[in-house]
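As structure tokens, here come the structures.
Both of the next two complexes hold chain A, though its partner changes from chain B to chain C.
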Partner chain A sequence: MKTAIKTAVLSSALALGVALSAPAAMAQEDSIYIPNLSYRTGPFAATGIPLMNGQRDYINMLNARDGGLNGVRLEYDECETGYSTEKGVECYEKTKARAVVTQPWSTGITLQVLPRTNVDEIPILAPGYGFSPMADGKVFQWAFNPPSSYWDGASMILKYISDGDLDTLSGKKIALLHLDHPYGKEPIPLFEKMAEQHGFEFLPIPVGLSEMQNQSAQWLQIRRERPDYVVMWGWGAMNAGAITEAVKTKYPMDQFIGIWWSGHDGDMQTVGEEAKGYKAISWSVPMPDAPVMADIREHVIEPGDSMVEDESQLDWVFYQRGLTISMMLVEAIRAAQDEFDTQTVDATQVRWGLENINLDEARLEELGMSGMIVPFKTSCADHTGHGGGWMLEWDGSKFVKVSDLITPDREAIAPLEAEKAQEYAEANAPWPTNEECSM
Partner chain B sequence: MDLLDAIFVQPFADMAAAPDFLLQVLWEGLVGGVLYALIALGFVLIYKSSRIFNFAQGIMVVFAALTLVGLYERGVPALIALPLTLAVMFVLAVAIERLVLRPLVNQPDIILFMATIGITLFLIGFGEIIFGGENKVMITEQLYIPTGSFLFEPFGGFVSIEQKDLTAVIGAVVLVVALLVFLNKSKIGRAIRALGDDHQAALSVGISLSTIWVIVWFIAGLIALATGIVWGARAGVSFALEVIAFKALPVLMLGGLESVMGAIVGGLAIGILEKLFEIYWGQPLLGGNTEAWFAYVFALVVLLFRPQGLFGEKIIERV
Partner chain C sequence: MLYRTAGQFKTSYEADHALFPVRQDAFLLGFVLVLAFVVFPLFASEFTFRALLIPVLIYSLAALGLNILTGYAGQLSLGTGAFMGVGAYACYKLVTIFPELNIALAILFSGFFSAAIGVVFGLPSLRIKGFYLAIATLAAQFFLVWLFQKWGWLYNYNASGAIQVPNIEMFGITVAGPLASAATQYYFVLCFVVLMTVFAINLTRGRIGRMWKAVRDMDIAAELVGINLMKAKLLAFFVSSYIVGVAGALFVFLWRGAAEANLFDIPLSFRVLFIAIIGGLGSILGNYLGAILIVALPVVIGAVPELFGMSISSATVEHLNVMIIGALIIAFLIVEPHGLARLWAVIREKLILWPFPH
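Moving on to the complex of A and B:
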């Protein structure tokens, strides 16, 4: 009797399991799974939330407006990391089975996941972050950091402050105020090389995680050293902390420039008018009147499907950058669908798509995103595209574009990229490379 | 020889060459120290009365500051939002006592410590749901905290003192003095100290454990609110404020977990010394960011000579 009951219970459970998993299996067949290793909690949540909102809303808009992409639904899924490298790796492992791409959202997580993606054959999409030599597609087959790398960003900032002639920086002092974290240290090799070539003094100033909100020691150093420019590689609360101290130290705002992750409206609210003149290089610009924004409002915001709580945040640099990030991923998937003549692409096919993104002015216009992101084109050997960026300036209430397109000095950067990529491959041998750049 | 010069001669020569800069360094160190002392006080009070190391002190700072700003954003005037926030912190103290501490009375210390980790995780999630994770601007001006700066010109140079830093220092001193008077002169204060010394003995003379725990957690909430206002005014209110609780750990190691005076002296000592070390030794010799570890090393050196900390009690136990 007992055995009969046991058998009945087990078979019912099995039947229920099959019944419940059937729709999931169907959903898998009819959708493309896009995981995002997001961080809406923790010390960096304030910067993560608008970016994730933008990414999520773009995918939701496509699903609502077009029924997905070429008839297949895009299944956007967030796994919360809190910007912790350990949790990021856990999230990668948890989501990789069905993923066509992984979006690690931290240089630390990217560096940890990088060797695993070679084995798992899942492309990493790290737009505007990660390890700069990932641009070398021959060495980093599965990693992509379009449209500009950190070294591109450093080069563009130097180009801007020198009016295009880096030799005019000779004898000057440039401080790099950076988070003491793999992200913050990333531009140091490029700055050191440029300092040697063009004769300026380079002064790295690290900011620890627990000092982000009290940077008085770092700004006392700036007061003592009197650098001609302060370049910032800040993140989260470090940005607001630095700008508050700059105001307090009376450091000239027009000599203070941040990388694209240091140009966040939310951080600037704390200092408001006092930070007028602060600049940040950026490969994306908010365009409140862009046609895509009308679609976002109509299909996501108005039906209440967005996680944005305050609609004024739709015009923030970070929210709209989130839109462009999802857009470049969708463009890669679209390219893969066309190339392989299939709706439900796999990770290998999406990698091909990421190597064949061609976002020129005409395509951006078609997407209703003209001017929101720099035009760029990737290839098998070039996983970044090096589209360049614009200088944005804080006018007291929002960021405005104050320059034409600035492009990085590729002649100076490319050899360093190749050298460091090779070093990485040797240090992690056996590391598979793709010299022929073929699939 | 150059190294010896850089360690023993150059820093002092720099101090003598720019005394105005030295004054600025000392002021910034003092402000930092007062703020560290404030965070450490929250830990000490709870430990003193219940032997619980309150892991949730950092998130309480975030929660208090978020409640204040959140209420203001929802249309509550700042001067009403302030007492309302205190009321919320009181309710939180009651809830913690009823739901977490009371069921765990007589459990080992480690269980209570783990329970405070649970409180931390709950407050992170609860705070996120209610207030969101975005950076918020502290309502400094609405609370009538002055925001300008005083500029002095001693020794031909300049020293800039932010009015909000000065307010923070004065506010912290008032809070600390009030706490000391409360702990030493009032009946409840004496009861808190009695509980810290011996739970059983205190209970046997009729001191109510649950009432004292609510009061202590409420005072810790009040300190968290003061800390949140001061730190939030510097770089906004976000969950990043939680990180500053780590700065209190070396202060507690140095001052002793159960000493109010230890938290104050330890906080001030670490604030000033870490700033002096960073500016005159750390940046020129070690590339900077020594503040991340200096306080711990300093506390460890002190512990080598005084294992109970500067003001901690020397406990002798029979084995």
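Moving on to the complex of A and C:
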């Protein structure tokens, strides 16, 4: 017993000594701190890990290949939230001191952080998620959700299934299978408005967080109601659950369409061939042969700096989407560096950069990411860019692009965005708005 | 030495029954209060306020509410999270319907809503006991969370289905909402928690508290000596749910800033129950010790590797954290099955006798 204690004490002392003598990862003077509220643990880890890996690897690649960005290192740091809103607050507070941006990665955390960023003056980057009215840059000065919002996504799906003419949907029935959570409820106002305008029947079917993996009740309802299309706003375990149920109930896969977070290779692989024909709208497409992928392999994967365990995951939609997300951020920082003629930009300057992202085909070509993400351009009044997206289809082993670029019907969405943004600002008065912006 | 009681004579029964029969206890409490009111705010950063101090206080208060019901009156409840939700949603409705209402009053009122709901769901306790009652309160948990999701009026028909705290001023100072400073919120919460704790201490030491303890230890015997079981049990549900409701309102308004229905789901109930059990059932102090262990320690452990400049990925830290906290909980419960409060009591006894143990 005594020796056991002795060994324990000795080994812990040794461990402490090693820890203390290890070179402290001190914050460098000339670095830009990019925190990410990641979730590699918890119920949504399966979808989080490839995204975070992508984000991390892109930054690591820039650091290894170019020594950072214009001579300044990018310091990428993760704070683990496990998708819990409580940890989200903690992580936000922990990282905000030096942060030039905050990436909340959950609609719940976004809701908590959104009002605070106005006070702390840190931009939120929520690519393809968060609150759709954040597109209104006049009201939401510090929030960005490029390149497409959820309402854009809903509009694109409707456009795709109606071949561009929404009036042909008249008399049809469209079900929205959604997570019963702020995220899943996001598109409902737009669907309701569209249903009214174009005369189709809209049927929301909520899936509670506790029933994500067993959706038999929801699919029973789908069998009874026989909707012409099922649109899915699912996340984490819900996607795999829904697709398994759809296969079981033999729902025609070509009438089943998901949002970009429901198009995850990991979810589909469990059902494989049987889910052939399932579609998901997406603003990013995996391009295994893109020049940037060669750089990632050379500078990150081969030296062993990546957390990716299986190389086949490099071609996943979510991994490559992670790359494009970091790319957007880096482009914003680059724009800010040019504008303000400084290397170490601060949060306010990065906000300017995020308002002036201009990713056209030529720029994407230069970055070696041509075709990986929709081209888009943000402005002071437009924090989304509304680049649109492509329809992806599961061919039994991977997602392939099956459509040309689909753009959202902005004329229908913009008034709703302005209205909801105004409502939000009023409910949270006094809310500062940016009057200098012209639409 | 530290706890030498020699020379502290009691000459009346009142002195013998005082809150602090040993003078050092009063000093210790005074010291803790000085720490909480003066020292912490002087040195705390915003992170410390928002990630450590405020949550510990709010969770302690919620556990205190539960402890009154489970620890003092012996009625097991698994619906704490939902009752916190009732307090939060009630406060949200009060604040949005009457924007002029003082926030402190709104929080105090919202406790009554959750108290009323608590009494309704406490009714089964008159017929069923123990685990069966736990199941009945579990029903409250599921029903209420479902209600928070489905009843649009509760969240003012927000598209996101979440409630969001507006900026609220009290006497010209913003106390809730994004503009509020962390130190203001801390003092606000601290005052509420101190107030509720004083209330709870007095209640549990008096006639009502003894009544509850009698019901807890053996309800048939309690009934035979003339305690009205219905009154005692429902009163326990009322007081407990009131405190839990106030904690819920503070939870959303003074800390989180926004909440969706899922926040009040069963994991929250379990978390509060664990705080109460590990802290010590049937004690007031235990709630604070339990909250420090369960709420604050993970945050502190999470900051350790960074302090030493170790580069461990944050996911690994999170995994380690879960393991360390789990091991600590088991260790503490093996050392003292009656919780941390009992552990402190044993230490205190020893200190009083020290250095002459016989």
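In this section, the second predicted complex is superposed on the first by the 409 of 439 C-alpha atoms of A that agree within 3 Å, B and C clash if a C-alpha of one lies under 4 Å from a C-alpha of the other, contacts with A are read in each partner's own complex, and residues count from 1 in each chain.
The working rule: contacts are C-beta pairs under 8 Å (C-beta built on N, C-alpha and C of every residue); 3 or more make two chains touch, one makes a residue touch a chain.
Note that this is a predicted model, so its numbers are computed, not measured.
With chain A as the common reference, the superposed partners chain B and chain C clash. When the shared chain is aligned, chain B comes close enough to touch A:309, but chain C does not.
In the superposed pair of complexes, A:220 makes contact with chain B only, with no contact to chain C.
When the two structures are aligned on the shared chain, A:241 is found in touch with chain B, with no touch to chain C. Once the two complexes are overlaid on the shared chain, A:181 sits against chain C while remaining clear of chain B.
In the superposed pair of complexes, A:209 makes contact with chain B and with chain C alike. By the touch criterion defined above, A:79 lies against chain C but remains apart from chain B after alignment on the C-alpha atoms of chain A.
When the shared chain is aligned, no partner comes close enough to touch A:61: not chain B, not chain C. In the superposition on chain A, A:41 makes contact with both chain B and chain C.
Stretch 333-341 is the one of chain C that runs into chain B, the other listed stretches 189-197, 207-215, 279-287 or 333-341 having no clashing C-alpha atoms. Overlap of the chain B and chain C interfaces on chain A comprises residues 40-41, 180, 206, 208-210.
In the complex of the two chains, the chain A residues touching chain C come out as 19-20, 22-26, 38, 40-41, 77-80, 82, 85-86, 89-90, 93-94, 107-108, 111-112, 115-116, 118-119, 131, 180-182, 185-186, 188-189, 206, 208-210, 307, 420, 427-430.
For chain B in complex with chain A, the residues that touch the partner chain are 18, 21, 24-25, 28, 31-32, 35, 124-125, 128, 132-135, 137-138, 149, 160, 162, 231, 234-236, 238-244, 246-247, 275, 278-279, 283, 287-289, 291-292.
Chain C meets chain A in the complex at residues 46-47, 50-51, 55, 149, 156, 159-162, 164, 166-167, 177-179, 255-260, 262-263, 265, 299, 303, 305, 308-311, 313-315, 317-319. On the chain A side of its complex with chain B, the touching residues are 40-46, 48-50, 180, 204-214, 216-218, 220-221, 223-224, 236-237, 240-241, 244, 248-250, 266-267, 269-270, 272, 309, 313.
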